[in-house]
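In order of appearance the chains are A, B and C, and numbering begins at 1 in each one.
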Amino acid sequence: MSGIFSSSLGKKLIMSITGLFLMLFLVVHLTTNLLLLVGDGSLYNRAAHALATIPLLRIVEFLLAFGFFFHIVYATIITLKNQRTRPIGYNKTASNRVTTWPSKNMYILGFAILAFLVLHLINFFLKLRFGEAPYVEGTEMHNTYLLVSSFFAKYWWYNLIYVISAVLLGLHLSHGFWSAFHTIGLNNNKWLNRLESFAYVYAVIVAVGFTIIPIYFWFAR
Amino acid sequence: MKLKLKIWRQKDAKSKGKFETYYLDSVSPEMSFLEMLDYLNSQLILKGEDPIAFEHDCREGICGSCGLYINGRPHGLKGKTTTCELHLRDFKDGCTIVVEPWRAASFPVIKDLMVDRHAFEKIMQAGGFISTNAGAAQDANAIPVAKPNADEAFDAASCIGCGACVAACKNSSAMLFIAAKVSQLALLPQGRIEAKERVKRMVAKMDELGFGGCTNTRACEAECPKGISISHIARLNREYYAAKFSD
Amino acid sequence: MNKLNAKIPDGPLAEKWTRHKASLKLVNPANRKKLDIIVVGTGLAGSGAASTLGELGYNVKVFCYQDTPRRAHSVAAQGGINAAKNYKNDGDSVFRLFYDMMKGGDYRAREANVYRAAEVSNLVIDHYTAIGVPFARDYGGLIDNRSFGGVQVSRTFYAKGQTGQQCLLGGYSALTRQIQAGTVTMYSRRELLDIVVVEGRARGIIARNLITGEIERHAAHAVVLATGGYGTIYYLSTLAVNSNGSAAWKAYKKGALFANPSFIQIHPTSIPVLNEFQSKLTLMSESLRNDGRVWVPKEKGDKRNPNDIPEEDRDYYLERRYPAFGNLVPRDVASRAAKERCDAGYGVGDTGLSVYLDFRDAIQKQGAKAIENKYGNLFEMYEKITGESPYNTPMRIYPAGHYTMGGLWVDYNLMTTIPGLFAIGESNFSDHGANRLGASSLMQCAGDGYFIIPYTIADYLSNQIKVARFDTKRPEFEEAANNVKGRIDKLLAVNGKETVTSFHKRLGKIMWDYCGMYRNEEGLKKALTLIKELEEEFWKNVKVPGSIEGVNQELEKACRVADYFEMAKLLCTDALNRKESCGAHFREESQTDTGEAKRIDSEFAYVAAWEYNGPDKEPTLHKEPLTFEYVKLQERSYT
């Protein structure tokens, strides 16, 4: 194990493992959020309440924060190192028709997603945890549904930011998904194309899933 | 056909280089790209100018000497081709061709379009071999190798060491080069004995020499004249982590 | 005659090498690191010798002109490497491989050397497999073999169409291991420009650093040349553009004898010349003739699209002339037949200098898929170069200079006539007679490097242990370095009006026309005059830009071409001397009624070894008689 994380491959392993963890989180997050579209929102409220109160999940929350932290820190370290490897660039570059735009711009996409994340936390998480989010009448449970639905019904530009961010996230995942498997070595000739296809499916589900919500509440206002 | 050429000229490693523009009025589409450069050089020589230095040798796509960044891609726009296998019929009459050397901190320019790829040697010396002395081997058929493994080892072994993978990678990573060797030797029972040491040493050397890390953009695979798959990089990763975690 | 003591050991053929090894003197492991060996060239022979000598503990210095040893031109060998393993159980043996090589070489090689090459071939395959060369395997996981070059057994080991590359990269990786271990020091981007002889023994080399331009001196107890062939004397050949004969030539000028220089194999299936600026001819593997049919139109100057030419208007001349072997006649026969048709005006293509190699019938019979499995990579390569697909249009092929059987004369220990100077691989003359059999060059090169030179060089070095390392300031080094610089200054000073390449092309044309596939007295004499004239013109009108310092690729070429002018004369002289036809050497004066090569064993069953006498003097011919105890001399007949 000695010095594994100082090597370029070790650093990538951190990116890959944290990335896989974050992608798992996205599945949970999206599944819960889609409950917003089901019924009168009480189901969603209960789910949100459960996620916020079960003690074990609080630990997971810390893990999640760590995951984000390491994913971001190591992305920065790797990107800074990689940028030093070509002091004189090319005068002209052309597409090879294989390399995708997201794969070359993961850091930029990640940065945009980070900016969105901060905004997103301010909009909802901080309000729920520390702020004055509404409660479901007569209970100790937040009316998260009300918070979300009123938020998206109110500001069209927020909706736009959320939709764009979902698309950027999708692009990030379209590369990140298969890349994470590839980096930990779970890939071969046969699985290369399969994993890439899965990556697109996953990316589209996440992007579309998170896009539907603001749009739904805007038109339902 | 007519061509406008923008070619990187640099007197030596220490000098600052710049692009020079040359015009060729009557070249044949049957000429290879390097023959076109030969022709341009002969004109420069007779005019008393310094001919353009570029590397080439076998001119049949196997030695790996030639490597030019042509119109924005290593070995030109054709794909799965070495520079020496390009022909002018692959270009449009009257077009502008930009020719640059491989660009990477680990591949410094020596002169004009020649770069120093000695870093590859260092990586190979770090462990790209099987430690068997001549005369010590058993019969070649004593150890069978499953055909799919032998075939995949061959695919990896077809690397010509041209450096297009490094030139193409936005991180100037040498991962495909190393993966090809690690993968070839890891797939063969003869190479398994020292597989762990090999992968650790080669990766450590790559990092030490200033190559970047792999971000799985697949640019190396797209530009590799021998079409070596990045699945070998996945195997390299597996081998590396397994070796490191068993330390 | 003591100049030509071949030192063939006594005893029965099959025991010669074993007995000889037992009698060779050894060097104690503790003493080996005190002994320096220079190896020049890093192909199969050079990388093999260097890594093996390093493994044994000698202090080895290796030189190559490329940026890395992995690019030596062995890398381009396609077809395979022979060995007498008899894995196919089809009756092969060391003796049969030996016999095929003797016959293939048209009985102009030494029995003892050829037998040994066949004998060590098996060790070569074992070693390559052990160091990770991925030879083709069958579904049981064992190594596959194929038949190659018209022999009756399947003894060729292969790795698709890239056998040379795979063997070389295996050898290269073993070499890098020794570089890492510190037993071998690598000097890449160095070109040998002279050999230093001290008190009658080879003691070092003068090399130009191709990056800095510095003229370097390197001393050693022994020098091994593994510098390949000189086929680029034709300018266009299947060799790498920078392959050259200068190292062997410098050795010749320092007193090593040059044997059978005119024996050059012309390969029948190369992609033809497509334009006047062409710099190189690309080989298409001989294996293509297994399924392709060679033809030209029956009508002179028939310009129709080949697919529009009906069967009755096609002349399948190989099948017509050689019904028994058809398209599979040996290389020399196929080459001459193609040239004969083209010279008679039946050639195809814009230049009229090519013939068709047609896969139409094979594709119809076996299906395109089967043909693709066999030749896919070759078809792809052909299409890349010509822009035409052999699946739809017949390939066009023409013979091209390929392999030089001739080379430095060596004794059984692979030592030249300069003590301490060894020549291995293609740079020596020893194993292929007048014509090389397919897939036996890799075999010989690797055998020389891994399993012969390590034994024989020890015998030489065993009494050199007390010889201290040489100071490169000695007058012999001084003189050699000054000569090298003088010659370079002279080349740079001409400052004429014609490029080196242009001269090289003109020399190549003379050689191809008069000392190529067909040779005759009148032509060879004419060539000698033309070469002399062109050489004079070269030294008056060549333009070499730049200076001795730094990268100067034109200067590199100029040094090589200047040597080729001198070598060309020796080639013609040798061809003129050998009035018989044998193997690749075809003298029009000596042919059978049907136009085939006619040997004259009574007069020419010898190795012609030439001694240098000075710049304007005729070389002296030394004859090493060839005796045959185990093979019966026969006329090669393929009709």
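Just so we're on the same page, contacts are C-beta pairs under 8 Å (C-beta built on N, C-alpha and C of every residue); 3 or more make two chains touch, one makes a residue touch a chain.
Bear in mind the structure is a predicted one, so any value in this text is a computation, not a measurement.
The set of chains in contact with chain B as well as chain C is empty. Distances from each chain's CA mean to the overall CA mean are smallest for chain B. Distance between chain centres (mean CA atoms), chain B to chain C: 27 Å. Chain A and chain B have Cα centroids lying 37 Å from one another.
Annotation: 62 Å between the Cα-based centres of chain A and chain C. Those residues of chain C that touch chain B in the shared complex are 48, 51-52, 55, 66-68, 70-71, 73, 75-76, 85, 87, 123, 125-143, 159-160, 162, 165-166, 169, 172-174, 176-177, 179-180, 186, 188, 211, 240-243, 274-280, 282-283, 381, 384-385, 387, 450-451, 454, 497, 499, 501-502, 543, 545-546, 550-551, 553-554.
Partner chain C is touched in their complex by these residues of chain B: 12, 28, 30-32, 34-36, 38-39, 42, 45-46, 48-51, 53, 55-65, 81, 85, 87, 89, 110-111, 114, 116-118, 120-121, 124-126, 128-141, 143-147, 150-151, 153-154, 157-158, 160-161, 181, 184-185, 188, 190-191. Note for the complex: chain B touches chain A at residues 6, 8, 19, 69, 71-73, 77, 79, 98, 100, 103-106, 152, 168, 170-173, 203-204, 206-207, 210-219, 221-223, 229-231, 233-235, 237-241, 244-245, 247.
Here chain A touches chain B in the complex through residues 1-2, 4, 7-13, 78, 81-82, 84-94, 96-100, 103-104, 106, 175, 178-179, 182-189, 192, going by the rule given at the top.
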